[in-house]
Structure formats: structure tokens, C-alpha cells
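You will see two complexes here that share chain A, one where it goes with chain B and one where it goes with chain C.
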Partner chain A sequence: MTITTDTTLCLNCGKHTARQLACGGCGVVPSSPAREADYFSLFGLPRKLALDVDDLGARYYALSRRFHPDLLQDRPPAEREASVRATALVNNAYRTLKDPLRRGLYWLSLHGESLGRHNERVPPALAARVFEVQEKIEELRDVRKRGDAACVESEVHAIRDDLRGQMRDLGGRLVANFRRSDGADGDGAAAIGETKAVLSELHYVRTLLRDVEKELEPQWSV
Partner chain B sequence: MERIVGIDLGTTNSLVAYLGDDGVPRVVADASGRALVPSVVSFTAEGEVLVGDGARARAPVEPATTIQSAKRFMGLGLDHVNAADRQRYVFDEGDPAVVRFRVGERAYSAPEISALVLKELKRRAQAALGVEVRRAVITVPAYFNDSQRQATKDAGRLAGLEVLRLVNEPTAAALAYGLDRRDAAAVAIYDLGGGTFDVSILRLERGIFEVKATNGDTRLGGDDIDERLAAWVLERAGLSSSVAASREVQALARRAAEDAKCRLSTADRTEIAFTLPDGTRIVRRLERAELETLIAPLVERTLGPCRQALRDAGLRPDEIDAVVLVGGSTRIPLVRARVRALFGREPLADLDPDQVVALGAGVQAGILSGGRKDMLLLDVVPLSLGIETMGGVMTRLIERNTTIPTSVTETFTTAVDNQTAVDVHVLQGERELASDCRSLARFSIPIEPAPAGFARVEVVFMIDANGILNVTARDVRTAKERSVDVKPSYGLTDEQIEHMLEESIDHAEEDVAARLLAEARTDAETVLRQTERALRDSAMLLESGEEERVRAAMGVLRDGIVGSDYNAIRELTDRLNEVSTPFAQRIMSASLKRALEHKHVSGGVSWV
Partner chain C sequence: MSYSDKVLDHYENPRNVGSFAKDEPNVGTGIVGAPECGDVMKLQLKISEEGVIEDARFKTFGCGSAIASSSYVTELIKGKTIDEAYAIKNTHIVEELNLPPVKIHCSVLAEDAIKAAVSDWKQRKAGGREGEKKAV
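So, the complex of A and B:
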């Protein structure tokens, strides 16, 4: 994640800049207070973790129709340049919010939190799993060099399917947690803590799954 | 009057299309009704240059001086030339960074060969439309890297075309296919052409075409099938190895293989037949099943990228509403069967797979010229972009399949005490090590010496709607900044391209200065008209004294336009842009603010 809490977004140029009244990138004073200029408000949405992705998509398309430089070819160059930056901001916001993990991390950053902080401890069960899967991948690489890898390959396939199932479960837990976080008025700290735990696990499982998938289906070199 | 055209610059065939006034794209056909122009250029001993069908006919006779599939070498160096290529062509070994075909005294790079094909298409379009054609949208394989894209742009420039946009081929196909589709749908485009394979997953909804993921293999296509089949028949023909290895025999076998392959798309069996230069007739029976066994591994290679694209799009195969086939090689029954098996549904091929890409390019040309305001393409970067960090690691700033335009900022620090400069090495690719990725640019930014870990260098990657990457690095403490437009190099420099332009006969004949003057005047008039409109429509956003300043710059430009110095007109145009920039930014901000206040976006999407 590149969004940190000591920066804010300039609505005019779409750059992340140090929190200040005027944007360091383009010198323009944002028309709305910096605090409100987050990805949620860009789409006219409340700063809540649970959101309807289809509705977000419709809002994204509406903003794209308004700001995409391809539809503003008949406008002065300076305005077209500004539209490129506005569209970049809209694209980044959509990319962040549509994905539950990215959305969660971004939401944490808005609360001055990140996964790195006070969360270095990986749950022991998960750590063991990561270790075990990495070993299996190593083994697969080894037997591939020697020829017949079918047996180990099917084991790695099983691991992949298992990880995919885990991803689905975690996704469900995350959404449930999002709802609780959004509803927690008084006890924000507890909600943040829980969200962090799920996000952290999801983060590990997703990375692991990607490694496994990559190993099973190597990219063709460009 | 001019028209923007869309061009499918294919490995095997090329064609040109445009968006008609009725909003429907059409391909340009010649007098005999043929739209396909073989992407073949042949140089005769008499110094004549043939392009298209005439050139293709000479391929078996003069294989070395008849250049086919130049697209396979666009933006690539001699390390990408394989044994079969070497058997066929004579390469200029002078510069390993650029593939050059040796033809007599001259050597031609792939962009120069492609430029000759583009010129032919431009000529046809001008003849058919009766207007000047100066600007074009050209399609490229989705998996082309930046060097290959730049080479394609250079080819356009050499052909006297301003390349407004490069569109990925499968995306173009989706534009043509989804033109009349109004319901929301997830679409997979499977594009197996002569030399490249691409797959893209898109979401279509009421005129918006959002690319979700794209993948492919830039060196896999119908040519490989012909190659494999030609080798197979030569192996069985019982020829001496010297005869079988000769350029001429290879070309003859390849041509016969291609024809047989096409016939087997409908027939169950056929014959591969050709006559050697000494009169020997080679005939070999071929069953479709034999061909399928031979090419199955090639077809299998296309499925990996399909699965990866689905994963990147976050979709299962059964969530795809339609699968569209593009490219001549998708006529092969085995290809259709494998695609059907993967997606679990019958693939669509109702548009001519040879024309669909060009038609889509015509649509995008129409969008960019304001002819279709209801359609919008949201495209992605095909490959990840990043910089080299400690230990030669590629650190990604922009992941592949990110929608463009996009901008990412990341802060880095130093690893050594009292560094006085930081090297920024811009990379492209999916591999972990910098050395395995493609190097796009390298520049250095001076920094204030500080203990390791204390310096702060902010790196901004900005990609515009054309996919052009701009990288800015800034020492946060001193605010010293350095910025580069990353123009991918592939061995041919800007100067070399300029030189080629000057050399080319077409440009020697026309008055370059006159053309530049006309362009500068047109641009100036456009900016004047647009600024006038902005002043009228957004007067409430003007600050005191601003209108006077803008009008003064407009006045100076109006006076300057009658002069004959195009550079002066350019400068005055830039000056007006500069003066009106804050105003334009306010217009954009206000518009964004209005959008934010518009609470019911989903319910009230305006259908322009």
C-alpha cells in the first residue's frame, strides 16, 4: 500500500501530498477540506467498510464518463491534463475500494493504523502453514528438475484448492467484521483490532495462494 | 476535412477501418472488394517495392527479399531471431539491438517494413474516403511491451501518420463486438493471430468497456503451426538435408503447409503438395487428426494465459457470459474445441475474425474524434511497472491490469550513509529480479547527504490515457526534483527515426515546412476556439483580471497566426495554454465537486 496517513489526496491533481492547505503538486487549494477528500467521499459514499460493489461500479462508471480524457478531446489542453489526473484519482480510488483487502487496508490507514503496526505477530498456526506450503513448493521445483512431478503436483493442487476455500471463508469473515466495525460507535478500537486480525490473515493467505498458483502455472516470458 | 482511421497492423494481414457518419464502423476494401492487405513487403532486383498481395505472391520465389511477419520483430533485437528466421532472411549483424533485414545494399528495420504496409493502408483509405488521412489508431497485441509499442508508433510516424492511440487487439475486438450490446456482460476475447496470442477479459455495460485483465504470449501464433507442419512434411519427403534446408524449399513447404492447414479447418483430410525448383513434386496426405496431434502442444500453451487472465479478473470460467474468437487461427477446430472446454460454452465467431480488430480500431478512432460520445474504453497496463531496489529486486509501483490513467507515489530511502545521488531504474515485467525485467529508463537524482535510512526520495509514476509513463523523483527534504518521460528505447533512437523520415521519398517530395505551418495553425485555432468557449461557459470561475490576461494571450496568438513561422505559432499557443491553466484546473475542480455533491449517481447515470 502506498497510502500513508501523513499524506492526503489532492482532488485537483490526484497526487498524494503532505497534509497542508494547498496541494504541493499543483498549488491549488482543495475545494473541500482535506479530511473529507478520501476515496469514499470521492464516490459520494460514507466512510464505511461494508459497501455494495455493484453500486460502487455504477458510481465509478458515472465519474469515468464525466472525467475521462478520451471524452474531452475537444477541450483546452490544460483541462484535458487536469482530467487525466482526475481520472487517475478515480481509477485508483475504485481499484482500492472494490477489493475488500485493499479497502480494509485503506480504511485502516484512514484511522492512522496499518498492518505493520502492533501486528508483527503472525498467528502460529498460520506461520506453520506458510512454512509447510513453501517447503512443498521447493519440493515441487526439485522433482520437476528430475522429471516425473505428477505426484507432488497433485499435492500442490490440493493445497491450492484448500487455500482457495480458506480465502472464501476469510472473505465472509471480513464482510461480517466490516458490518460490525461500521456499527461500532463506542468501541472503535476493538473493531479496528478485529479487522486488522482478519486482514492480516487474508493478506498472508492471498500471498501464499498467489505463490502456489504461480508455481502451478508459470508465466510465459515476454 | 480529415478522418481518423483505425488500423489493424497484423502479423499476416493488415486492414484499415473508419467509423461512418451513422456510427457504424466499416473496413476499407479495394476495387475488387478485398479488405485484407497481406503484411508483406517485397523488394525486386529492379528496385521496385511491392506491398500486399503482389509481395506475398513473390514469397516462395524470392524469400530472402520478401519480408513477411515483420511484426514479430518490432522493437526486438537479434537475440529474438530463431533458426528458421536465419534460414529464410539475411540479417544485418551490425547492431544487435535492432533486427534489420538485409536487402541488397540496404537494411530495413521492422518499423520501416511496417511503415510501408501502413502507407499502403493510408493510400487506400484516402482513395476510398476522398479525404486526407493524417491520424490513426493502431492496434497492438495486448502483451506487447513498451519497446514493441514504441516501435509501432515509430512505424506510424514513418508512414506519415500521427498515432493517436495504440489499442490492444482483443480490446478492439470487444469494441466491435459489443457495439450494440446494451446488457451488462463479462466477455472473454480469445485472439490467436498469425504471430501472437492474446486473451482479455472485459466487462461491458451500457457503452463502457472495462478491461479487467489481459494476458498472452507475444511469440505464439498461426506461423508457428505452419512452421511445425512444414518441418513435418520436409522430414518425410526424403530430401537431402541441403535441399531441405534451403530458403526456397522452406518457403515453398511453409506456403503449402499453410494452405493445407486452412483446408483442414473444414475437411477431414487433405494433401500437402508443392513442386521443388528442380521440378520434383512433393505430395503428402494429411489427416486432420495428424495435424491436431502435431499442434496440440501449441494450442495447450494458450490455455495458461487464459486461466491467469481469469484469476486476475477474479472470475471463474462459468462466470463469463460470452467468449469471442478473433484471429484466423481460431478457425482451427481443435482451437475451438479447447476454448469451448475451458469456458464451458460455445465460443462466438459471428463477426469475421479477420476484420473484427480493425472494426474496433475504427470505433476507437470514432470515440477519439467525438463521433461516439456514448462509448468509453477503460483500458489497463498489460505489464507491471516498478523500480529497482536494494539487492537488484524489482519493486512494483503499478501492478499489471491497473486501469489507466493512473498515478502512484512511493517514498524510498537510502541504504548507504551520505549518498549524494539516488539511481532510479525504471523496470517493466512480472519477474522478481530486476535483471529479468525489461529496463525502460535509468536516471539519477542528486540528494542532500544524510545517514542511511534518513533521506526521503519520493517517486511518482504517472501513466496517461495513451499508456505513456512519466516518472518523477524528488528529494523530499530539498524539494529538488527530476522528471523523465519514459520513452522506451529498442535500439532505434529518435534521431535515427528523424533521419529515416528525411530520407523517405514521400517526405522529400512534400514541403515539410508547409505541413508543419498548417498543423501549427490548426492547433492554434483549435485552442483559441476551446478557450473562447470555456470563457463563455465558465465565466463564474474566473478570478479578477484573469479574463483580461487570457484574452491578451489570445489576441497575441490571433495576430501571430498569420505569420509563417510555425515555431512562433507553437510558442504563442503554449503561452496561451500556460496562462489559462489555473482557469482550466478550476473548471475541472468545480466539475469534480459537482460530481461529489451528486448523491444518487447510480440511479441517475446520464446517458449521453
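So, the complex of A and C:
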């Protein structure tokens, strides 16, 4: 049996099929998600870094509905199980592509790259800044134990605002970089290098910001 | 994943934690960070006029392996010449501390910290001499 839809990718064998939910290649609906299927093609998107998140959302909801286990209740158990796996894959893909940082890291992995590869160091000035902020967090913990921490707390608040601003700037740089590397020969080594540098910085600052925010959380929140 | 006994020992009793005054002329400071995990490591070396490392201090914000790697390095490096220190490879740290593959970057960070600290000392030494010339 073939269910006609505009699905283009078989979640079993990873092959593109002509507008069918059941794969023309292997005949399974939708069966076990292909591990090698990349997240971009899952949504029928080109492997480009710059993407329209609203459009991605629309594609995600369409796919989720199509593979929703509830809609396959009259299908054999194997296919229902497969639809659960397919849903998990689609959710993962959406979570990854929605966030520019995760999308960038995923894009790197598609190119056989990772942040840690040949890139064990962050720029010295940034490392020094992170060290300074971590020391300030440590100081805040110390003064809190002794009592009045208002002064150091306001310093850490200022640091948090500063880091948030930095995150926004880096986000802008990342988007600009995405466009550049898509526009130029997208697979070029220079584009990968540049993207990696911005992603590294963003990743590092985000980790630091998370530490700072955690420290400023009210005591009663978890 | 569990930490080796050596990592745990350095983690629980870190050696040479602290800092030297950054502006001391015979002190080289290296601050390095790993982009993946957010760790940051500061290593300071007190180096004699002849280029022998007399003392070392570190402070690391990071996981147990990063702390152990830097702590171990401060012990390893004392008494070595700057050339010997510069030649220390992260693989040596990996072997000594029995670091698992996912923690190899911690040892790379420690190796980088040594190089950064030595470079800083060299630079400051060269800069200091220039400064003196300018002052004269």
C-alpha cells in the first residue's frame, strides 16, 4: 500500500522517494529512521547555514503530523514503532536546526569537523576575560557566605548584561558568516574555518553566561 | 566514565594552587581556554634569568581532568629549562594521568598553558629590555 504525500525522504533507507510516505525503494512506512539522513534534507532543505526559522517551523509541524504515531494506529506494530522513532528523529532535527549555534555545530559535523578539532584554544583575550569573570563569580560566592554581597552582586549583574550584549553581537556575526559561507563556495575550507571561529567564541561565551546566570538565580529556584 | 586515582588525587589535593603577581618581571603568565567545554586555565611560571623554571602556580575553572592536568604540570615543570618545558607534549600528561579519550583536550589545554606562559615570559623579558633602553 502506498500513501501519497509530498514526503521526499524515506526514513528507512534514507533515499528520496517520489511523493510517497511509503518508500518506493524499500516499501516500508516510515520504518526505522536512517541514521545517515541529514537533518537538512529531512525537511527538504538545501544544506545551507542561513535558513528561515519560520519556514523550518512550518515544515517541522507538517512532518510531525505526518509521522505522528496516533495517525498510524491501524498500521502494523512495526510501522507504529517506526513512526515513534521517526518522530524522535524529526524532533531532534528541528531542535538542532532551529538554534543557530547548534545548527552551525551540526553543519560542521557534516563536514567532518568539530569545535575541538585543530581548535583547542580560544583567543587569548577571551580566555583572560572568562578567567576574570569566573574569579568574580567565585568572589561572589565567598562574600555571600559572609553576608552582604550587594556590591559584588551588582558587578556580576553588569557582567551578565555585558555578556548578553556580546552574545547578541556574536549572533549577528554568525548570521552574517552563514550568509557568506552559503554564498561563497559553501564547502570551502575558509568558510569552515571562519564559521568555526565564530561558533567557538559563541559557544564559549554562552557557557560562561550560563554560569553567570546560574549564580544570579534566586536561591529558591532550582 | 570514572577518573583514575591520579586524577582524583590531584583533584582532591591540587598542588601549587594560587598566583604570583602578574607584573613581576620573572613571572610568565599563560591563560588558555577550551572552546568546547568552557574550561579556562591560568598557569604562572617563575623563571630565572638563565631560563630555569623555579616555581609554578595554577588556577583552573573546569572539570576534574583539567584541574588534574594543570596541577600535575606544575609539579612536572619545576626545575626544567624553558626549552624542556616547551617540549612537553600533552600525550605525556594523558599517559601519566590515564585520561580517557574524551578528556584529551584537557591535556592539550595544559600543554598550551605552558607554551603561553613561556611565551609571555620571553615577551616580557624582551619588552622589558626595550623599555629600559627607551628609559635611558
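As a convention for this text, the second predicted complex is superposed on the first by the 174 of 222 C-alpha atoms of A that agree within 3 Å, B and C clash if a C-alpha of one lies under 4 Å from a C-alpha of the other, contacts with A are read in each partner's own complex, and residues count from 1 in each chain.
By our rule, a residue touches a chain if its C-beta (ideal position, glycine included) is under 8 Å from a C-beta of that chain, and two chains touch if they have at least 3 such contacts.
Quick caveat, the model's predicted, so the values are computed rather than measured.
Contacts of A:A62 after superposition on the shared chain: chain B is touched, whereas chain C is not. Judged by the touch definition given at the top, the superposed model places A:F43 against chain B, while chain C stays out of reach.
Applying the stated contact rule after C-alpha superposition, one finds that A:T87 touches chain B and leaves chain C untouched. Among chain B and chain C, the chain that touches a larger number of residues in chain A is B. After overlaying the two complexes on the shared chain, residue contacts for A:E79 are found with chain B alone; chain C is out of touch. Overlap of the chain B and chain C contact sets on chain A: empty, with no shared residue.
Partner chain A is touched in their complex by these residues of chain B: 143, 145, 205-206, 208, 210, 217-218, 220, 301, 304-305, 307-308, 311, 367-370, 373, 376-378, 383, 397, 402-411, 429-430, 438, 460, 462-465, 527, 530-531, 534, 577, 580-593, 595-599, 601-602, 605-606, 608.
Contact residues of chain A toward chain C in the complex are 114-116, 119-122, 124, 126-128, 130-131, 134, 200-201, 203-204, 207-208, 211.
Against chain A, the residues of chain C that register as touching in their complex are 31-38, 40, 42, 59, 61, 105, 108-109, 112, 116.
Residue ranges on chain A touching chain B, taken from their complex, read 2, 4, 7, 11-12, 14-16, 26, 28, 30-32, 41-44, 55, 57-59, 61-71, 73-79, 81-89, 91-92, 94-95, 213, 217-220, 222.
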